[in-house]
Amino acid sequence: MATLHTVNKSPFGSSVLDDCLGLAKSGSTVLLFEDGVYAATTGTKSAEAITNADGITFAVLGPDAKARGVEGKIADGIKVVDYDGFVDLVAEHDKVHAWL
Amino acid sequence: MAKKFMYMNTKAPYGTIYALESLEVVLIGAAFEQDVSLAFIGDGVYQLTKGQNTDGIGMKNFSPTYTALGDYDVNKIYVEKESLEERGLSLDDLQHLTWEDEDEDWAEKDSIRLVSRSELADVIEDQDVILSF
Amino acid sequence: MKLGIQINEGPYQHQSSDSAYQFAKAALAKGHEIFRVFFYHDGVNNGTRLAVPPQDDRNITQQWTELQKEHNLDLVVCIAAAQRRGLMDEDEAKRQGKDANNIAEGFRISGLGQLIEAGIECDRLVTFGA
Amino acid sequence: MKLGIQINEGPYQHQSSDSAYQFAKAALAKGHEIFRVFFYHDGVNNGTRLAVPPQDDRNITQQWTELQKEHNLDLVVCIAAAQRRGLMDEDEAKRQGKDANNIAEGFRISGLGQLIEAGIECDRLVTFGA
Amino acid sequence: MAKKFMYMNTKAPYGTIYALESLEVVLIGAAFEQDVSLAFIGDGVYQLTKGQNTDGIGMKNFSPTYTALGDYDVNKIYVEKESLEERGLSLDDLQHLTWEDEDEDWAEKDSIRLVSRSELADVIEDQDVILSF
Amino acid sequence: MATLHTVNKSPFGSSVLDDCLGLAKSGSTVLLFEDGVYAATTGTKSAEAITNADGITFAVLGPDAKARGVEGKIADGIKVVDYDGFVDLVAEHDKVHAWL
């Protein structure tokens, strides 16, 4: 059952992204939104971890990245989606696991 | 057909209300005859510590409620081993949670299942609905 | 697809309610059904009609009220969480002997069972929190 | 010693208000003066009189109201934060054309300047938040 | 005598309201003629990024207000170097904040002072009141 | 000017204690309260870091540790205080720096 994980915290202040990656199975997707989008920005340890994560797909919510002025800094290979894309991700996966 | 519901408990008690209000959902949810599991990971494992005494902080001690979960047929309680270890805790530091197995002449059984991160990932994979607290 | 939405934080303090609103709008525009929006924890505070946000900012409660009207959404505020935090409707105010109520149009107060029911009935449950 | 207290979170969701209350009680018992308690951000929600917590739990707002009475505390709710979140007194309700108000006894609504003033006047400012 | 007030900004904008409501205190506080400094550390440095555009999330973009701080005589803005670097950011990624120095014929000067962690510790040490957001 | 730093977050989920220790000067005190008390419990990395921190005094709010069932696990050498002691710490230091 493919899971969509949602992460809305900055990886610098919170352990939530690490906690998520520790339990996410191959084949699942992690959507970074709200303050979670910073995790995908270039020049950070988290972006490196994300880029190297095996079998997990990452997506960033574009409107949140744009709001924070980091839309141009999203690391290569990470898909940027809007709220429509968020809805599609929810529909395409079997369940949503919100990491709070 | 019953759905598999998993309550993901990730936060320490008292500092925030999520632990208590998660427990309130579990108790109400028990009446719906779904297939219920609870997971305690990260700081969530602190919810289950023995010997909580809130007299000094003026808040209600809700930790005894965990011991009543067995009576509500909530008896699949997964505790992540790595989370315990990182916090210098072992099973002995947690309350002893049990349930009585109707099919085995009401034999008392442990509710807590100590699982590794990767075992827990498999359990979560198998769920239908994740309730996050 | 039938979607359930859970909101765990109050308006303004966290982005949760804003994100849920944008998500709900997009889902409805795509033709999905929203079975229920369940407000839990501080999320119940989204249902107050007494907020007066600055003119140049969004009015979160009003946005939900309007979306409710347009799509006949079921906006449910958890009664146990609401009682703790001081969100009540007229009936509840009477029952509790309070001289005022503050619930906004389009919201209703009900029990935690409504969240479990959403979990059972919906194809997906999406949670917004902190 | 003259102390100022700032509370940034609402009741129950976070321990902030509880901690501040225990701290305030201890400070008063030791003979310190509490110049002001300033409720900011979601902290304004501590000032609602509509909350009905479970019988076996503490009533946070009532605790503050009683401490106010006993020690003539200055409990100030930030008006800007309160407007966003739906906490209002009778005057404010009239001004905003609202049909109800929800502020509890012992609390007053005022501006952010009251926080700065506390910073200036107090020997120490102690902040409780999340 | 004026007290030294420092606003400690530690949180990212939009995800939570602390950044915005901190700014509201700073603007009101500017009228009190105290000695005001702002520090941006940790995720707080994200408050100052250039090019914020909130059209897609339905929230108010309050980042232009930072550029007005100079007009309120708020011109000691400390940004922690280590926090920027950890986030892959440099000063170029932040808004250019300036103030006009009355004593030097209204010469335009930079408000942002890029400081190391240990330099910032010294600045904080020297303050009378810390307002945390 | 001696500072009292207050930390109320668990060191496992939040970076706040690390942020505090990065800026706290020698001669200051760190009070761990609410979920911050876990940082002082034996067998954790944070307790080790605390025990080795040079020139900084640590205190734990006893009532919060007791509430959480970890009163008996506070590492040696860390002072446990009640709310009275919290008030005294505030009075004895020149200012309070709340790490939120």
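Letters A, B, C, D, E and F name the chains as they come in the text, with residue numbers starting at 1 for each one.
Note that a contact is a pair of C-beta atoms (placed from the backbone, for glycine too) under 8 Å apart; a residue touches a chain by one contact, two chains touch by 3 or more.
The model shown is predicted, which means the values in this text are computed figures rather than measured ones.
J.: Could you give the fewest steps needed to travel from chain C to chain D through chains in contact?
T.: Graph distance in the chain contact network comes out at 1.
J.: What chain lies farthest away from chain A once each centre is taken as the mean of the Cα atoms?
T.: Ranked by distance of C-alpha centres from chain A, the top chain is D.
J.: Rounded to the nearest whole Å, what is the centre-to-centre distance of chain B and chain E, using the mean of the C-alpha atoms as each centre?
T.: Roughly 43 Å separates the two chain centres.
J.: Centroid of chain D to centroid of chain F, CA atoms only: how many Å?
T.: A distance of 25 Å separates the two centres.
J.: Using the average of all C-alpha atoms in each chain as its centre, how far is it in Å between chain E and chain F?
T.: 27
J.: For chain F, jot down the residues that touch at least 2 other chains.
T.: Those would be 8, 12-13, 15, 34-35, 63, 82-83, 95-96, 98, 100.
J.: At least two partner chains per residue is the criterion; list those residues in chain C.
T.: Answer for chain C, listing residues that touch two or more other chains: 8, 12-13, 15, 19, 22, 41, 54, 57, 125, 127, 129-130.
J.: Hunt down the residues of chain E that sit against at least two other chains at once, touch-wise.
T.: Only 10, 14-18, 42, 57, 59, 129-130, 132 qualify.
J.: Pairwise, which chains touch?
T.: Every pair of chains meeting the touch criterion: A-B, A-C, A-E, A-F, B-C, B-D, B-F, C-D, C-E, D-E, D-F, E-F.
J.: Quick check on the complex: what are the chain D residues that touch chain E?
T.: Within the complex, chain D contacts chain E at residues 6, 8, 40-41, 80-81, 111-113, 115-117, 119-120, 125, 127, 129.
J.: Which stretch or stretches of chain A touch chain B in the complex?
T.: My answer: residues 1, 3, 15, 19, 22-25, 95-100.
J.: Help me check something: in the complex, which residues belonging to chain E touch chain A?
T.: 10-16, 42-43, 46, 49-57, 59, 61, 63, 86-89, 93
J.: Which residues of chain A touch chain F once you look at their complex with the stated criterion?
T.: 12-16
J.: So in the complex, the part of chain D that touches chain C is made up of which residues?
T.: On the chain D side, the touching residues are 10-13, 41-42, 45, 48-54, 57, 61, 83-88, 93, 96, 98, 100-102.
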